[in-house]
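Read from first to last, the chains carry the letters A, B, C, D, E, F, G and H; within each, the first residue is number 1.
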Amino acid sequence: MSSQKLDEVVISKAIIETYTKKFLENLSLDVAIAGGGPAGLFAAYKLAQKGHKVALFERKLSIGGGMWGGGIGLNIIVVQDSGKAILDELEIRTDQYAPGYYTANAVESVGGLIVSAVRAGAALYNLMSVEDVMIKDARICGVVINNSAIEAAGLHVDPITVAAKYTIEATGHPLEVLKKVEDKCNIRLNTPSGKIEAVSYTHLTLPTN
Amino acid sequence: MSSQKLDEVVISKAIIETYTKKFLENLSLDVAIAGGGPAGLFAAYKLAQKGHKVALFERKLSIGGGMWGGGIGLNIIVVQDSGKAILDELEIRTDQYAPGYYTANAVESVGGLIVSAVRAGAALYNLMSVEDVMIKDARICGVVINNSAIEAAGLHVDPITVAAKYTIEATGHPLEVLKKVEDKCNIRLNTPSGKIEAVSYTHLTLPTN
Amino acid sequence: MSSQKLDEVVISKAIIETYTKKFLENLSLDVAIAGGGPAGLFAAYKLAQKGHKVALFERKLSIGGGMWGGGIGLNIIVVQDSGKAILDELEIRTDQYAPGYYTANAVESVGGLIVSAVRAGAALYNLMSVEDVMIKDARICGVVINNSAIEAAGLHVDPITVAAKYTIEATGHPLEVLKKVEDKCNIRLNTPSGKIEAVSYTHLTLPTN
Amino acid sequence: MSSQKLDEVVISKAIIETYTKKFLENLSLDVAIAGGGPAGLFAAYKLAQKGHKVALFERKLSIGGGMWGGGIGLNIIVVQDSGKAILDELEIRTDQYAPGYYTANAVESVGGLIVSAVRAGAALYNLMSVEDVMIKDARICGVVINNSAIEAAGLHVDPITVAAKYTIEATGHPLEVLKKVEDKCNIRLNTPSGKIEAVSYTHLTLPTN
Amino acid sequence: MSSQKLDEVVISKAIIETYTKKFLENLSLDVAIAGGGPAGLFAAYKLAQKGHKVALFERKLSIGGGMWGGGIGLNIIVVQDSGKAILDELEIRTDQYAPGYYTANAVESVGGLIVSAVRAGAALYNLMSVEDVMIKDARICGVVINNSAIEAAGLHVDPITVAAKYTIEATGHPLEVLKKVEDKCNIRLNTPSGKIEAVSYTHLTLPTN
Amino acid sequence: MSSQKLDEVVISKAIIETYTKKFLENLSLDVAIAGGGPAGLFAAYKLAQKGHKVALFERKLSIGGGMWGGGIGLNIIVVQDSGKAILDELEIRTDQYAPGYYTANAVESVGGLIVSAVRAGAALYNLMSVEDVMIKDARICGVVINNSAIEAAGLHVDPITVAAKYTIEATGHPLEVLKKVEDKCNIRLNTPSGKIEAVSYTHLTLPTN
Amino acid sequence: MSSQKLDEVVISKAIIETYTKKFLENLSLDVAIAGGGPAGLFAAYKLAQKGHKVALFERKLSIGGGMWGGGIGLNIIVVQDSGKAILDELEIRTDQYAPGYYTANAVESVGGLIVSAVRAGAALYNLMSVEDVMIKDARICGVVINNSAIEAAGLHVDPITVAAKYTIEATGHPLEVLKKVEDKCNIRLNTPSGKIEAVSYTHLTLPTN
Amino acid sequence: MSSQKLDEVVISKAIIETYTKKFLENLSLDVAIAGGGPAGLFAAYKLAQKGHKVALFERKLSIGGGMWGGGIGLNIIVVQDSGKAILDELEIRTDQYAPGYYTANAVESVGGLIVSAVRAGAALYNLMSVEDVMIKDARICGVVINNSAIEAAGLHVDPITVAAKYTIEATGHPLEVLKKVEDKCNIRLNTPSGKIEAVSYTHLTLPTN
């Protein structure tokens, strides 16, 4: 341990002030992203890279979603050519397994996505869940978020609202945000049936560039 | 989704073969590290950087330990000068908060530590817990590991053994490995009392270089 | 314990390599069976006996399903003439209780079914659940499986795919696979109503030969 | 609902800024109180009334502790003469039940204690647990606190430190803070045995003035 | 502790007799209120102030509902002009944050609401849930209540009935009472659809005066 | 259902008043019995029969303890000659199984013990646990009881006290009351070791007359 | 404890043989009753009294259902004239509370019902749940029962069948048996709607004679 | 399904009678074995083969213990020469992996051990736990068993006793039986310390012949 004298209260202050200052800035966003799996992280990275003010909200303590476990817990992911291009851009190592199929380390991929998103300027909030959306004039104009530890502890506490010009649903299978919208608005979605359609993923796919 | 034709069985094979090949190589290590928090990750990075064959075993699905939550869930960490040197080496951005106190983004720090450790050559195993140690001739010569999902599901399944010249305890407060050693050996540890001594951390400290 | 010198790492290697080699071979099957109760086991035995490449996937750590408990936990099963023929073939002892009714030891019956299925060449995977099916050109062409300990531990990890020319639903009352198919395809089943029909079993029946 | 136009982001900002400003001020206290039952609340009230800078930390979402339930859930409390004097001071109604015995409404008593403590200037933090104490030069000089929802959700997140000239243990039977001190210091307490002594409360008593 | 001699049995008697006497009086009410959050508490206060015989039933051990946690656990509430008028009436301190927006201490607000309601003459029952309503001649004429600890412990125990000329639903989002009514009566509610309509609260609002 | 008009509030009043009147009378007892298994019930019956004022407190909703399940859930009990004499006295049917061994219906035995105890004048309180004992002048002079549903729901609520000249420990293996006494008093019990001694019951025995 | 020599194996044999002999006799019944609350117990008593072969199956370890807790856990029940006649017949003491309203001890009432039912010849099976019914020729001709401890432990074990000329649904609100019948048969029940109709009990009523 | 007419009550009778007849015979044993893992199963097989009257009691619904999961859930076991001899005797297929190391299918091994034990004449009781031992004249003369579903459901039900000339502890790491003996007898075990000594298994070993 460092021999430098330690002032614990300075540390407490530094954590609270630094976090709060950034959080207050992020109460009005260009884009709010619900869900911190690979799709949400890559969207955060790309949008921040293009200069948009982006924040991602992930319910869990850790960010990375289903990517941590690769397939059945073996922490390897497999991508095709379009996915390899993304991993190359993120400087994540790939190895060709078969023509058109590349493997990468799942843990490194999560780490690389996080680092790229933060460095591009995206704000990543873990332990924050998107409970609802704010709708005004028939348009989603923000997200209603809560401390997900409070939620996990089964306590009844009100959320707060973050304004956002655009909201991206990246919670994967649960489609938590979209279902709230469907419940509240009875709107017709831009799909063949006008409703949320059944989706089946059998392996991990990174969104194409 | 890519328009490229997808062969799911090739993907299954790629995941299983790639993971297993590396896992078999890692059954004999220079250094086994128990625990994937910042201390374990930094040890993995430094040792791998120096050319040692290192694997880290983390019980949780995600790697990063207590660092994800910063302080009380506000995802900011605070370091002093020695810690700043480490973050600089890992190319993680710091901001001076007060003389000798620097803040960094906790999520970026986890991502950066993971990426550096993997790129240096360390193997990071998530969902793997160190249940016990292998002791021969009064010396720890390996770790006994298990699939931690099996453990979490409360199932009784036998572990396997990984040989290691050195074992690093990085499980933090629980000191899970060290307690096993103390239970099994009745050895005198290299501390004033000869036993595990009470330790109190009030904030996060990265091990100095 | 044996006085023979023991090399734990050889044991670890033997387990991983032997398991993985067989698992890779079983990623393309003639028949995939979901569920390891008596119906699934007997199907595995009969199909393997006829030379088909068969693997059975059972969610629990143990194989045998509801047969272990006989009736209300009294580990005796009762069969009629057709069931007796099967038990005779499996060399499981039966005793006549009344004309046309035979009792057998439930535990021996599980053991006998397992041994016969494995010896006939079927692969039995415990701790593996069938999460979904792979459908191509309106035909089930494989199963999507996961480590069921991960599932039981409530972790979000992606599954992998196993190709199979035929898939047998043997999960019993839950009909887990068939319900997935019904959900995904809106297909008309080959039943009077075109849907899964309510089924009531009041005692254990082995499938007839 | 009000017809006044509502700006949700202003509300979010108001909550975060107001809370944080006060919290930063309270990182250095005259007195830190662990536990928000009647003893802790009354201590907070009295000390704040005398001009001390006081904050109380309560693990639960609600403040009031065991007082809410009166006796066996019948929300009535009973006090003797000294307790009646306190309730009179807090303007909480009492009724004489028998000579020297007075009843009061348990719910009103909690409300009255809270209002008096806040108006006297004490800061009351709910959802905050005291995990540990900070000891320097053999003296308790602060408390180590955490978000108790995080704790209740079983997540591993580091605490922060609050400096305090004095710390009051008011967690009641659990004596959570005192046990930490005893564990860490092997100090001799100011009791007959030098250790924490068994305490038995059979009914609620307010600390005398 | 007081030096006055203590007779525990007198205390037991005082609690039981005082509670029961009041409870028997409250078995016939002018108004029964289900739910002890800010809306229910304020209704109890206003109605009692106007001379009505009112009792409020809250399932939890503590009264105050979602107000304890402010927004995302930061114990600050924000009101606009109409809300400020209420807080002024309750003598709860407010601070202007921005024109038309005022902050108040969430904990003090709960305490103040409770004290005002009790002093106005309302009876507040914690640990009591409203399980059902009594309907006679197509009119709600009372509530069916139970000890909510029994309910929480999963025990099967019958409730009792309290007569009330009017019943107020103040359980918030769950709308527990109204749903029972809808289930039992197939009545048309006084809403556009005739049914319970989806409601979305994004922040805390006190009922206007 | 009866065609007689039903006044639910009269029923509520009847339950509350009848229960409370008896409970108040039982706050001062000759004998308090902790535990409602066969030993406690028989003690209650015999002591009440002899004219003592007795109340029994049982934590569970039902009274009868381990007797309900006979042996391994087969609801038959077996007694020898002394036990048969008791069952004869309680008018519970026995059948001789072997010389000196008699079987009885376990469910009837519970019912018969309850009816005999109540008719003899004992008060039986279910859903009430004995948390502690009241000790004055080195003598147990009462029990400290609580609503066990509150306890089961994990809520923190204070108990009340019941005075008793004698207290009988009938909680069986847990010896809950005796352990409290040992903890609080460091007294020497009237056993060979002076401490609670290990006890092993392998079948049900009724206390002899 | 008795000084008589004790042979534990004789006791084990006595329990198993006595239980099994009776159970085998009860596999063909006149009437099977599902549910051991007051309605089921009284039906068992009356039918057995009239010479029918009756068995009652109760899921819980104790018999008596919701009657144990009186109202809100106060163990008093209230009956009107028709109920008083029943209690008189069962020799359970009642006290007039108001004209036409009588109170009785809930615990004594359970005991008395059990004793009367057993003495009249009814078999009472605790720890046995009715999982399903046996239907032949569009008529319920038996019940399908299981060990409810196995069910509670979440184990998958097959049930057994008991033949019965008549089956009585006495599970109260859950209507577990009737719902199975409705699911399996799509039959029209003898009610206004032809379906199970919503039922609301606000207090305990014993079935009239 | 068979076209043979089915009499469900005959099936119920057959199960109950067949089970009970055997169970009554097994209340006096030569050897009682606690635990149904590979060690217990092999002991049961060998002792039964030599003509001893043996019963094995296993707490779980399935028999086989830790063997089902091979190592870390990969269902392969590894044996050395002595273990291979056992598997050969049980007709379980082995493959040489390295000189002196053989692999076998874990699932087949469980099945084979069960079949051999039952065919040799051992009685295998699943869902039965050994709770205690019967000690007379300072000698273990039997086991005290219970239905483990009842135990798992958290119900308080008395066990029954089975006499046995010898008792084998085969519960593995938990050493459940031996710990009971140590607790009850304060006897000196036949080990260096006279106490149960710490044991570490790092892989599966079958008992040598």
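Rule of thumb we're sticking to: a residue touches a chain if its C-beta (ideal position, glycine included) is under 8 Å from a C-beta of that chain, and two chains touch if they have at least 3 such contacts.
Note that the coordinates shown come from a computational prediction; the quantities given were computed from them, not determined experimentally.
*Asks:* Moving only to chains each one touches, count the minimum steps from subunit A until you reach subunit D.
*Replies:* Shortest path length, in steps: 1.
*Asks:* Taking each chain's centre as its mean C-alpha position, how far apart are subunit D and subunit E in Å?
*Replies:* 24
*Asks:* From the mean C-alpha coordinate of subunit G to that of subunit H, what's the distance rounded to whole Å?
*Replies:* Here subunit G and subunit H have centroids separated by 38 Å.
*Asks:* With centres defined as the mean C-alpha position, give me the subunit E-subunit G separation in Å.
*Replies:* Each chain reduced to its C-alpha mean, subunit E and subunit G end up 39 Å apart.
*Asks:* Can you tell me which residues of subunit B touch two or more of the remaining chains?
*Replies:* Residues 8, 11-13, 15-17, 20, 61, 68-73, 127, 134, 147, 149-150, 155-157, 160-161, 202-203 of subunit B each touch two or more of the other chains.
*Asks:* If two chains touch, include that pair; go through all of them.
*Replies:* Contact pairs between chains: A-B, A-C, A-D, A-E, B-C, B-D, B-H, C-G, C-H, D-E, D-F, E-F, E-G, F-G, F-H, G-H.
*Asks:* Contact residues on subunit A for subunit D in the complex?
*Replies:* 8-9, 11-13, 15-17, 20, 23-24, 27-28, 61, 127, 134, 142, 147, 149-150, 152-153, 155-157, 160-163
*Asks:* Note which residues of subunit F are touching subunit G in the complex, please.
*Replies:* So the residues of subunit F touching subunit G come out as 1-2, 4, 6-8, 10-20, 60-64, 68-78, 80-83, 93, 95, 97-98, 100-101, 103, 105, 107-108, 110-115, 118-119, 124-127, 147, 149, 202-203, 205, 208.
*Asks:* Can you list the residues on subunit D that touch subunit F in the complex?
*Replies:* Going through subunit D, the ones touching subunit F are 65-66, 68-73, 198, 200-204.
*Asks:* For the complex, give me every residue of subunit C touching subunit A.
*Replies:* Where subunit C meets subunit A, its residues are 132, 134, 144-147, 150, 155-161, 183-184.
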